[in-house]
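Dropping the structure in here first, questions after.
We just call them A, B, C and D in the order they show up, numbering each chain from 1.
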Amino acid sequence: MKVGRRRFLAFGIGGAVGTALTPLPWKLMDDISIWTQNWPWTPVPPKGVVSHVNSVCTLCPGRCGITVRKVGDRVVKIEGTKGHPVNDGGICLLGLSGPQFLYGPSRVRSPLKRVGKRGEGRWEAISWEQAVSEVAKRMGELRAKAEPHTVGCLLPEDRGSVAQLFARLLTVYGSPNVMRRPSIEDTYEMALYQTHGIIGRPGFDLQKTTFLLSFGSGYLQGWGSPVHMFRAHSHLLSNSCRVVQVEPRLSISAAKADRWMAVKPGTEAALALGLCHVIVKESLYDKAFVDKHCQGFDAWTDEQGQKQPGFKELVLGNFTPATTAEITGLKQADIIELARNFAKASRPLAICGRGNGSVPGTLGEFMAVYALNALVGSVGRSGGVLALPEAEYLQWPAPEMDEVAAKGMQQQRLDGAGGDKYPLARYRTSYLAALLKGGGYPLKMLLVAGENPVYDLPGSTELKKALADIPFLVSFSSFMDETAAMADLVLPNHIYLERLEDVPPVFGLPKPLLQLCRPVTAPQFDTRHTGDVIIQIARALGGGVAAAFPWPDYESCLKQVLGGHFARLHKDGYLEGRVPELRFETASGRFEFINTEYKAKPAYTPVIPQGDKGVFPLVLTGYDSMRLAGGAVADSPFMVKSVDDTVLKKGDVLVEVNPHTAGQQGLAEGDAVVLATPAGRARVRVHLSHRVPPGMVAMPRGLGHTAYDPFIGGKGVNFNELIAPVPDPVSGLDAAWGIRASLTKV
Amino acid sequence: MFPFNFEWVWDLGHMVFMGGLWYALTIIGLGVTYCVVKAVKETSEGAQDSHH
Amino acid sequence: MIDSALIPKGVKRCPTWQFALAVALASGVLLWGVYAMLLCWIKGLNQTNMNNAYGFALWIWADLAVIALGGGAFFTGLLRYVFGKDELKHLINYAVLIGFICYSSAQLILAIDVGQPLRAWFIFWHANVHSMLTEVAFCLSAYFGVLCIEYLPLILENRQIDKVPFWHNLSHNLHHIMAVFAATGAFLSFFHQGSLGGVSGVLFGRPFSFREGVLVWPWTFFLFTWSAAACGPCFTIAITKMTEAIAGKKLVKDNVIQLLAKIAGWMLATYIVAKIIDTIYWATVTAPSKGMNLMDFYSNNAFYGIWILVLEIGICGILPAAILITPAGRKNPKLLTTAAVLGAVGVCVNRWVMVLQTLAVPVLPFESWTLYLPSWQEVATTILPVAYGVILVLISYRYLPVFPQEPELNPIEQ
Amino acid sequence: MKEEHRQDGPKKYGMVIDLDKCTGCGSCMVACMSENNAPFREDESDKLLSVAWLRLYKLTNGKPYPDTDVCYLPRPCMHCEGHNGHSPCVSVCPATATDYDSATGIVSQIYTRCFGCRYCMAACPYHARVFNWWDPVWPDGMEKYLNPDVSVRMRGIVEKCSFCYHRLQRAKDKAYAEGRREIREDEYQTACTQACPAGAITFGDLNNPKHAVYKLRKSPRAFRLLERLGTNPKVYYLSSREWVRRAGDNYLADEATGAGKHMAEHKG
């Protein structure tokens, strides 16, 4: 027994020593370490031929030129195109995220038909033929019932061939209800028309400006064409130009400015008029320009023979430095100093439209800023604000409406834009939630393309409820976004990296710029160009509708309507127009401080945030950050990863609260609270910050997605759930800069 | 740790550090070898009891 | 008892069932630790609460602490074999065993701590001789070999093993030249204990732990060696006293303990003087040259308040040193044990601040303090070696003549 | 230091970041992640667990509203030169997995050599080094966009900004193929430099008087982070705001901003 055990022990030890002396353990050790260096579950990106393809990024309205780096047929990186008129090599984080969108888990991989309850997320993959015929069948039925106007269409913009194909479809079908994503462009278009009589948009000649005065515009937070604005800001800095930001919160635009004027929220227009007061009173204005090109500076007599007060009277009477200081909370001396510096600068420029421009704002404010520019002669001058007439670059054959269509088109628009109450407005999409519930007539079908209203429009909680009642909701989204998740049919579009499409001129640039988005890779999934789908739907509808769409496919349609532009666009990628000449098409043929026809004028119209002060002692306002995409395109995983831990912590969004206010409310850093507004309530956390004034709660836009994938969704709260639109009495557009709110510790 | 590793440089650091290390290892190795060899020898000579 | 053939002659041991129960209890804790260890290996270090600010945390502290505490082995060996303090032969076995447990534990913890344990041997193969950690790795491994050699004769003295002529002879031979091993061990220990101090002392990006020094060695190098030599024996005494308390009998004669306590006391006293000088120089010269005040390192949170410095230097430094160097103090059994425990705690606190507080203090002015609490997996894997140590002590005490004076102090009545 | 530049002399690649221009938009971070195959997880809000080579810090002047000011500061790896290439992290790495290249001034990291001891992370006062606490996992199909020029890092190792070293390799290969010994300034630019929409980042050879960084770093607005520690970083920052420059280093109450600036500069 003992011998056996001892022998066994000896054998064991001997064996171990013997093995250790062979190369086996050493070889094994080496092999194992090599294995750890090449773990099979750690991907090894395949090599391949490197190529670069130029195109345009259409993820946001900025439209940067992009150079896509490919390895084999894989898209590996997106870079800004050097020398491109928008971004000259720069690119933002949304643009950089393209590959994550292209291959992302939230892509809709084929046409889907809802099989579960609405929003439940149960789908059946269907063929494109079935998808098209289902839409056509529904539309056909409504048309047969002579209700074509109950079909609505919601788009990110109304320029460009796909938007105009939709508009064309609805025109020949018989619905006036084409809607566009609300933005400051709505108000800018209106203000341009009122002051210049021109249908179009302004351009800002920032490269030649010497003094930029921004009334709350987040020029470094996505306002205008974001990367273009970044370039412009750096250019201003390099040339020792001054930048002044007027804003209640210390946004990054305010922080980067030479001077931050911390006004009371919503009083920017009063400051603009107060500055006009000083400039007029001290005769610092450009007399030559005002005399030669302006109308309505002095009192005048209108066509009816009525005596009308001039702009001069308007500002001298109401906006003394003392009054302005009272309204805005600024010091009189600062107001006077700013006015003088602005007027004395060689090429000053004032811009407005808050944040990244998603809320249209008041017409009075925009006209006040226009007036300020006009006073210093910065209208239509290099370094100033330019008027870019609508570029009619697409030549469409005139559509023929049949009787049903003509009748449908005569219906009042559901949003009331252009009607008796709001004659100046073209779109009032911000009110979609209310309109769907209590508009003139029920909407029976809604086509949503390139837009995500359930997330993106104010009052999204209400809107979600209202959309649930629409009998047929069709989404053309490439991604399973919040709206697509509620749809009856999802007809996924190619994403921008997979499709050919014209890119209409970019807002804010001093020259019109037409671009062509070109496919850089083959479609990854069974998606289809929305342009093709529209044509196919029209053809399936037959009759007069089909006749308006004579093209076999979208590409031939695009080639035809672009005409001669196509070849040049195809070759160069973009076409730059000329800087427009100074020209006014108003009744007076001059720049009108006060519109002679509509009497629209520069004004400070206080926009009172919704809610009872007693119940909601604080005011909630949204802010924009480049790291979060607030629009129809969601954030990418990389963008969410880049968000500060003072903005997003685990699943909670942090709202900025002034330490003074937090002290009063007994709140400390990181406290979980319920943020309640008249529009909704949500759980958030508190971040103490001196960037906001006492009494204000600031919350980032762009979080709180409920759809998409776990990398993007389920993080924080959607600001739009807590806000509601407040109409500007003149324009009818949404002018809400905030909403009353309360914080309750949980 | 060996001169044939590619990080190896014949500099002062390596000479002092590795010199010290290999010196210590050698002493330990020789000591153990000495004890084992001696024990084997003694065992084969049957000298177990001589120690006590 | 079924294992009575294995129990050394002339000593009394508890019944087998008691022994088995104790081993089983410790094994339960051990298994918990092993489970946590496997989680760390299989799922990765996301199982811990470490992060990019705390690349070093509980484990590295535990490493530094056990190696300092295990310093009793090399220092006692040095005193016994090289400086000829012969009385210490009655304690050396236990000192070696404690050292063996500490060092094997340190290596196990390191194997869990590194992100790629399967290629951890690169530290040897691709050694960077300028890194303090390389020096630690080499000397620590080599010294662990020495500890094995020192522990081996004790195993061979087991009643049954000793019957085999070869083992008997080998044991005898090893004893015979043990001075050579002890001297080599002391040499290696000097360097790796020092290098562990160097690990934080060389971090010139971390003003809390950075120290000037001589040649390539920062002052912490010498302070760590010295403190290990001072506090290691304290730990040996403390554990011996604990063992005696649990065994319910005296195992080592007082004169042996007193000698070691006296030496440890003087080591601790001289160490603490050096440490105070180092602290004053650091607080008034080194840190201000980097733009930092002493209180920048000790404010902002209660966890790393100035109390920790008072604890380390005052309560766990000056106080035990004062007790141990005064004959009246160390002759009082309660005070002696208290001093030994305080000394051991002091070195642990020192290692804690040098690892954890180094990383907690913000260096970039716009960063803030980062605090850390270990995850249960970290705690379990840190307790694992304690359970393993308990088991090894239980087995060794039962079957090996760890305490040569035990039969004499506790004669068995026939 | 000699002013004239030898064409074949050692390069010292470095970066100048203009904080007056930097808007903290985060494009540099995402450009870096996209270029360098950074993984991402569902929750990335714990910045101390996040694998990001470039981190954006938000600095504030600490004053109450409306005197508050904020400034963002992008922090890539500083590629410290220390004293003669003795950067804080390189000398501590036990396995020679990180190295200071005296020909380029770039601190490299060999992922397959690193065994994850994290000593370098403890050594770096800038927190420029990050550990892979998790296995990198991409949602199905998303691994298609990975860049083959940069290897994907496995779990359990430390990584950091490489100054897009692979781009230097690519530029060198191209120059070699075209029979040139030197690469042009614009041929080697990091991904963050290239992407920055504000043009706030300038990259080039700090030794070469023809490169933009050479002049910029001598600006009176220039400062470096923690110069007083002797890390001798190769990333310079520009700011016209004194409080920002002061936030770049630790100062005793009575010391002027910039104390010790020259000490660190000329040591090496």
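The working rule: contacts are C-beta pairs under 8 Å (C-beta built on N, C-alpha and C of every residue); 3 or more make two chains touch, one makes a residue touch a chain.
In this text, all values refer to a predicted model and were calculated from it rather than measured experimentally.
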Find me the chain with the mean Cα position closest to the mean of all the protein Cα atoms on display.
-> D
Given the two chain pairs B-C and A-C, which is bridged by the higher number of C-beta pairs in contact?
-> B-C
How many angstrom between the C-alpha centroids of chain B and chain A?
-> 75
Gap in Å, rounded to a whole number, between the CA centres of chain C and chain B | 26
Indicate the whole-number Å distance between the mean C-alpha point of chain B and the mean C-alpha point of chain D.
-> 47
List the centre-to-centre spacing of chain A and chain C in whole Å, with centres computed as mean CA coordinates.
-> 63
Going by residue number, chain B touches two or more other chains at 7
Touching at least 2 other chains, the residues of chain A are 36-37
Listing for chain C: what residues touch at least two other chains?
-> 116, 119, 122, 125-128, 130, 134
Per the touch rule, the chain A residues reaching chain C in their complex are 6, 29, 32-33, 35-37
In the complex, go through chain A and note every residue touching chain D.
-> 36-37, 39, 41-48, 71, 74-80, 87, 89-93, 96-97, 99-100, 102-105, 220, 226-227, 230-231, 233-234, 237, 250, 252-253, 255-256, 260, 262, 524, 626-627, 636-646, 648-651, 658-660, 690-694, 709-711
So in the complex, which bits of chain B are touching chain C?
-> 1, 5, 7, 13-14, 17-18, 20-21, 24-25, 27-28, 31-32, 34-36, 38-40, 42-43, 46-48, 51
Residues on chain D engaged by chain A in the complex (per definition of touch) = 20-21, 23-27, 29-31, 33-35, 37-38, 40-47, 50, 52, 56, 58, 60, 62-66, 68-72, 112, 135-136, 138-148, 151-155, 191, 194-200
Footprint of chain D on chain C - complex, ascending = 44-46, 50-56, 113-117, 119-120, 122-123, 125-128, 130-134, 137, 199-200, 202-207, 288-293, 296, 358-359, 363-367, 370
